[in-house]
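Okay, so chain A shows up in both of these, paired with chain B first and chain C after.
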Partner chain A sequence: MTVHARVFRNSYRDSVELMRIAAELEGMAGVTRAGLVMATKANCEVLTEAGLFVDAVAGAGPNDLVVALASDDPDAAMAALDRAAARLAGAGDGAGAAATTRTQWRTIAEGAAGLGGADLALISTPGGYATAEALKALKRGINVFLFSDNVPIEDEIELKTLAVERGLLLMGPDCGTAILDGVPLGFANAVRRGDIGLIGASGTGLQQVSSLIDRAGAGVSQTVGVGGRDLDARVGGLMMLAALRRLEADPGTRVIVLVSKPPADEVARRVLGAAGAIATPVVVNFLGGEPESVRQHGLVPAATFEAAAAAAVALSRGEQLPTPSSTVARSDATTAAAALLKPGQSRIRGLYAGGSLAGEAKLVLKATLGAAAARDHEVIDLGDDEYTVGRPHPMIDPRLRNERIVEVAGDPSTAIVLLDVVIGYGAHPDPAGALVPAIEEARLVASRAGRSLTFVASVCGTDADSQGRTAQEARLASAGVLLAPSNAQAAAIAAAIIQAAPAPGRSADTGRPVAGRSGGALRAGASHGPIGGVM
Partner chain B sequence: MIRARLDDAGRCSVVGVYRAALNARSSIGLLTLADAAVGPLPNGIMLAEPFDFLAAGFRSGDVLWVTRGVVEAPRLGVLFDLDAAAAWSPRIEARSVELSVRRWGGRSGSVRAAAAAAISRRSGAQTGLGALLVSGSTPGAAARIAAPRLERLAAALRNGDPASVEEAAGSLIGLGPGLTPSGDDALVGVAAAAAALGSRETRLLAGVGPALEARTTLVAAAYLRHAARGEFSGDLHDLLAALLGEDGRSVGSAIDRVVGRGATSGADTLFGVLLGLDALTAQPAMARPVGVAA
Partner chain C sequence: MALDAAMASRLLRPELRIINVGLAMFVEAPEAHGARVAALDWRPPAEGDRATGLALARLEDDDRDPIGRTVAAANAIAVERLLAAQPLLTDVRPARDALGLGERQLLHAGPPIAWDRMCGPVRGAIVGAILFEGWAADPAAAETLAASGAIEFAPCHHRGAVGPMAGIVSPSMPVVVVDNAAGGTRAYATLNEGLGKVLRFGAYDASVLERLAWFRDVLGPSLSVALRTSGPIDLRTLTGQALQMGDEGHNRNMAATSLLVRALAPSIVRSVDSATAVAVLDFLRGNDHFFLNLSMAACKSALDAAHGIPGSSVVTAMSRNGVDFGIRISGTGDRWFTAPVGVPDGLFFPGYGPQDANPDLGDSAITETFGIGGFAMAAAPAIVRFVGGSASDALEFTRLMGRITLAKNPSYALPSLEFAGTPTGIDARRVVDSGIAPVINTGIAHRLAGVGQIGAGIARAPLSCFAEGIRELAATLGVPA
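So, the complex of A and B:
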């Protein structure tokens, strides 16, 4: 067995790459052992210990990379070292990067001049710069999709006022979703084109409504995001009103849906008044808002995204409006799931990546279980600032939610885990695939404690999305997840299971783990007496 | 990096380009430009938006000019404007020692379990010292050599024996796989724990001197120098805050984030943090209030 080594001077390859190369070399025929280390004095000792030190390495310094391998076959060894050299010469240098000749404009002015006829600017700079860039675009007569957040409200008002004056759209700030003339912007789903126009202040809300419209066989003409703050009293719904006017004048739009949290009274009056005054039928989903005022304006109220989509599709087809059903029929699946619950398992844990979907779930739980009972359950929006400081949003990076899933599995009061799975442009390439290991681990954690968990989820998206809605649902189903066609129904299923559950046992068996108690796990089977006062 | 020093950096030479970051040598030390997802670094300029340095065409050998308020890459015609950048302090400030000791005492078991789980989940993290935290794992050659040295360091820290601390810590410099060798990462982790506890363990990084660059890689040396000044990356700030903070809810995600760094760097650093917290809170001196670290 001889040792062959090669030194690569001044190497700054990162560790992940080095590890990959080492693994590849060890897998090559004829290579018994391979080591890739920086030639520090300490590591040269390691190589010696591993029997991989040779003279060639003696002259190397701490910033030189040593590739050393043991092999009986000198040809195989040479081939392996050459392979290492090839890998090291590749990525990281920029030299291997695909050469694309594409002019890179660096300012709005250059882009506008270079493209000629550009009518949309997508701006995603840090908040402090965004206003200036948006102004540049608007002044050139270019509509703006403003993805940036942290734009001050005063700037938003100034920008939207200017946009309205110029007859332009300013979608944002913090606008994550739009589909204009069939072109998706930001996070959006591939939905069929049709005659329903959507205007919304909530990104995942728009995604859910548009996906459900597509699922029903209908289509979307335009999806206009107006930014989360548009219906704030100070902004006054400027962009929603502007978009309403646009869609009214659009021959391709025959039904309009408005989606938002309930606006301030004054803004609601203005928006509903404007919507009521146009000929196009308008469905209004102000999540958790009052339906009566909507009806008074001659508009169609919808309590959930699902109801909004259903109403819009009915209007588009000239059919009768569906009557909203507030209860989910108890099915075999819900009864079976309920029967599996142990005493003490009483809580629904909603772990959401989409804020609006979390809001909808909370609403459905309140409506089904009553406000008081709904408070026992926990629905979190993991995309909220408090969870995303310094890490990517859960729609892109599943790790945060995955670890929460395992965490709540360890809580004896958890009965059901409720999830949203959002696919489409901008989302993770395989959200279901990324969730399944966490679900399996969670089941393991619970089963070791003699519990079983029910997972309920809905996939927000279409089969035209790259991830494929059906494929994602199948993946989740194979992990035993109960699937619903919409987020509202998923929440309703979770509520139905709770309602079907056996009555809670003696109160001493229920309760949540006491946080902060030192000495490790204090189980919530707290038949140790009163929990209060231990902190 | 301290803003004022940045203005003098002048001409820098890019040495390593990765997707989310690039390293450059400068007269004021190693400089790193990184995209938002990497988080703040003690020697770093963090870009507010995602940036792919490889796709942008950066290469080793490129020249960067760092002058008042601006980082410029002339060959690519790319400019990073620093004027709107918020300053971030890389120093870990000492916390209440009594509280920290108490909390760590109650939490160390579950934290170790969480660390082992995170390391098992992350492919490759066991190649370095991470294997020493995961039961049933087979440590590689470097970890086997490092293990007794780490033990000596832990014992020396527990006993408050400065000469042995210096010897053991010194023996770890440059040891192990990775662009930042495992031993160095572990030392940074121990130093971060010491800073958070306000410990006056001054011999820990006595090996950080003019000859440091002869003993380990440029990148590792840079981080050791920052650690010697009490300066650490944002990940470590968050980790120590989670481990010693009030409610412990963010422990899992903070551990996961650190372990996710590099191939073994994160796990190695975490190893050091745990070693440091265990050893330093076991010191008899810790029972009394200690002054704030320099």
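So, the complex of A and C:
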């Protein structure tokens, strides 16, 4: 195997873009392995470990970009290096998103001058550099959408305090989505405009709520992401409170939905107090939180994203609030699926791209099956840092999840694979299409062992998204996947199948390992807690 | 109702203006929804040093923050002083008198450096200066004396002086005196020797020493008396004219030298005997670079007026000693921020190549620091041919330097850029933030003493000096490290 390398001097690209190009090169015939990195010391060590470090790379520095690939075919290697050069020069990779429209401006100061003033900075640099960029934007009076993660909480507090002082929004860090004045930022869905304003600490939660609002025929005025830690006791809900004030003052927002994990008590009191004090009706979805304190503040509690969307739509239309009913998910399909389970096939394996959707699924399983029984199942957020070190997020790149799907199919305890399919801006151009081969391979693995697997999924998004919700659903349905209109219902369907399974399938026997978890599951369990546990 | 609401709902302003910092994949959706997006060609500031990048952010102009306010106000003063500078050539005097340079004291180009680290051309020039002053009888003895510690070396910059290449100044050498009438500052530079075997490239044979003696005994005194007759010569006006005639004030000085000779010739003829006048004018006519040293002193006098303003991030000196590149920043006092200096990128005279080149050398980057030289490349497109560039590249260099400077100097209008002024007032913050390194036009010296100039080209200032300067500036303002 020969290593071929090319150094692009003084040309920075983010690692996510580089990983996408590397994946593309690895897909080319004759290329065994490809690495694209900025030549920092750490990255050169990575190249060395991958056997991709050659002398040609030795002179490169942190501002230089290195393309290195292993190949036995010099022509293929040359073609791959040329492809990399073309991608770096800005030619699209067919994924739509990579077509760059870079300016020559390098700094926020230059960008602001070039635009004749700026309203918003969309920051997605590696986390270590994000604070400085956000500071520069805020100091210039520019609102910030901070997609970057790995920003220290002390920095978040400083940035948000400064933003509040200056009457600016600091959305994030680790903010996945927003729609401001109809302009989608980050991962967002093409939802209809309307009068429901969303504020949330959860990216895919906001996407799910807004997509379901759209599906119900209503629309969204603004979606403000505040970052996953905003309601942490240390941050104190600074940005949710600020956004609440902004939406209250917005004449186009007539209903507000708050989406978050349950905040610290003190923060919950402050947020609920503020929400209760405004005239605009507010729906509160503190996922897994108790509804009573929400009601006490005169607000509308919603247990799931679906319930939050339904309540908001009803309020927007002046209709009566829907009565929360336990979802009846049992159907002929669930009964049929249950009948196919072999003894020992007892577990739901949730493999999620969206973290909040994974959280919601856990809650639904716990509510449906009971806390004790829910512990037997497993829902993993594959977008968690634990899985994405050196790999693109599963919403962008399906490979990580596809590997997992095939892996769990080999586990005799796996009964159901529960999936989310998130579409919209920023997401993979055809996530359902990318899943199907893995689903088919998984079925093959299971059937060779005399089992059959049930796949349950929901598509988060709208028909106005480029991937198209209906088209994505059709693609999954053609692969035999059971589809639900929402993630909460998908989880409920999975639970219903387990409940409908014949008794032997649910009891411990030879087929079901008592300590029944693969290494991967144990790792997930350690970091995420058992299903239905503390979130 | 939903439509009404959609019309009414607004958090920001119509037609959002968005700066995208990072992933290019996020640009498309906002653009498709009517936002105007500036997708930055972003790279980590300070070459990826997080702490420096953060310190830099805290130094941003910000009228609602005491630090940001201080920096902005200090830079405004610095720029005002740079633009107001009015450098006048007033006299030519021995360095002994003008600089108070004493026995066994020598000045050199660049940041401070000890004999044992000095490069070949600088050592050669020191040997030549010692011989010229008569402190040693032969080159070997001169070298021994220099290495013995008996000679006190200091940067020209520490005495308000500047010298091209090796930049050696000894007490008997005549220096030009340039007074900044607007700033009350005064700067000095030696007289330019021309090309070929010259002290500034480390040569010290008899012809070099004879020329220095003639400078001391004839050229210096003649210019001095001529200046007394003519009165001070306004170097700002002269430079402004030269920039419209194809000079850039650093590596091309033909127009400025001609204008200077035109201004001085009558008073030279009036002030000295005709044989001396012929010799002096012949020398000036034959040395296209004579104006370089005056240009340098003029820039130095202007920059010194902008130096020492607490909080200012304006760069007030860039200089090289053939080993280190050093800069000074207005707000950090007399500290030098240094980094190893590289070999310029350029064209070599026949028979020479990069392997023969000494790393970049001289105080002449003071011209770029003041916004001419490489910063005024648009005025002298011929210069970019040293690096195989085109005339439009010359304009691009000047535009690029506009991105790291705070002002345009209206005294130095560039015809090819619609008479925009030269980019002036390098802001160390912008250099560190953008990673755009100042460009410097330069001659290339042979690494061996005395061979002379072997080429010319373009060098870029090392970014790490500016990062270090920013850290120090932040520390002076109490920014937490």
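We adopt the following convention: the second predicted complex is superposed on the first by the 398 of 535 C-alpha atoms of A that agree within 3 Å, B and C clash if a C-alpha of one lies under 4 Å from a C-alpha of the other, contacts with A are read in each partner's own complex, and residues count from 1 in each chain.
By our rule, contacts are C-beta pairs under 8 Å (C-beta built on N, C-alpha and C of every residue); 3 or more make two chains touch, one makes a residue touch a chain.
Quantities reported herein were computed from a predicted structural model and do not represent experimental measurements.
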{"item": "First, second, both or neither for A:M1, with chain B first and chain C second", "value": "neither"}
{"item": "Chain B versus chain C as contact partner of A:A279, first or second or both or neither", "value": "neither"}
{"item": "Chain C versus chain B, contacts on chain A by residue", "value": "C"}
{"item": "Contacts of A:R106 with chain B and chain C, given as first, second, both or neither", "value": "both"}
{"item": "Partner chain in contact with A:D181 - chain B first, chain C second, else both or neither", "value": "second"}
{"item": "Touching partner for A:A29 - first (chain B), second (chain C), both, neither", "value": "neither"}
{"item": "Contacts of A:N43 with chain B and chain C, given as first, second, both or neither", "value": "first"}
{"item": "Partner chain(s) touched by A:A371 [first = chain B, second = chain C, both, neither]", "value": "neither"}
{"item": "Chain B versus chain C as contact partner of A:P62, first or second or both or neither", "value": "both"}
{"item": "Which of chain B and chain C A:R254 touches, first, second, both or neither", "value": "second"}
{"item": "Contact residues of chain A, present in both the chain B and the chain C interface", "value": "10, 12, 14, 16, 40, 61-63, 97, 104, 106, 124-126, 128-129"}
{"item": "Chain A - residues contacting chain C, complex", "value": "10, 12, 14, 16-17, 40, 61-63, 96-112, 114-126, 128-129, 131-133, 135-137, 139-140, 142-143, 147-148, 166, 169, 180-186, 188, 192-195, 197, 218-219, 221-222, 224, 246, 250-254, 316, 425-426"}
{"item": "Residues of chain C defined as touching chain A within the complex", "value": "1-14, 16-31, 33-45, 47-48, 50, 53-54, 56-58, 60-62, 64-65, 68, 403, 430, 433-436"}
{"item": "List of chain A residues in touch with chain B within their complex", "value": "10, 12-16, 18-19, 22, 35-38, 40-43, 45-46, 49-50, 61-63, 91-95, 97, 104, 106, 124-126, 128-129, 387, 390-392, 399-400, 403, 407, 515-521"}
{"item": "Residue numbers on chain B that touch chain A, as the complex places them", "value": "15-18, 23, 37, 39, 48-49, 54-55, 57-60, 77, 84, 102-103, 105-107, 109-110, 124, 127, 141-142, 145, 171-181, 183, 213-219, 234-235, 238, 247-248, 252-253, 256-257, 260, 262-265"}
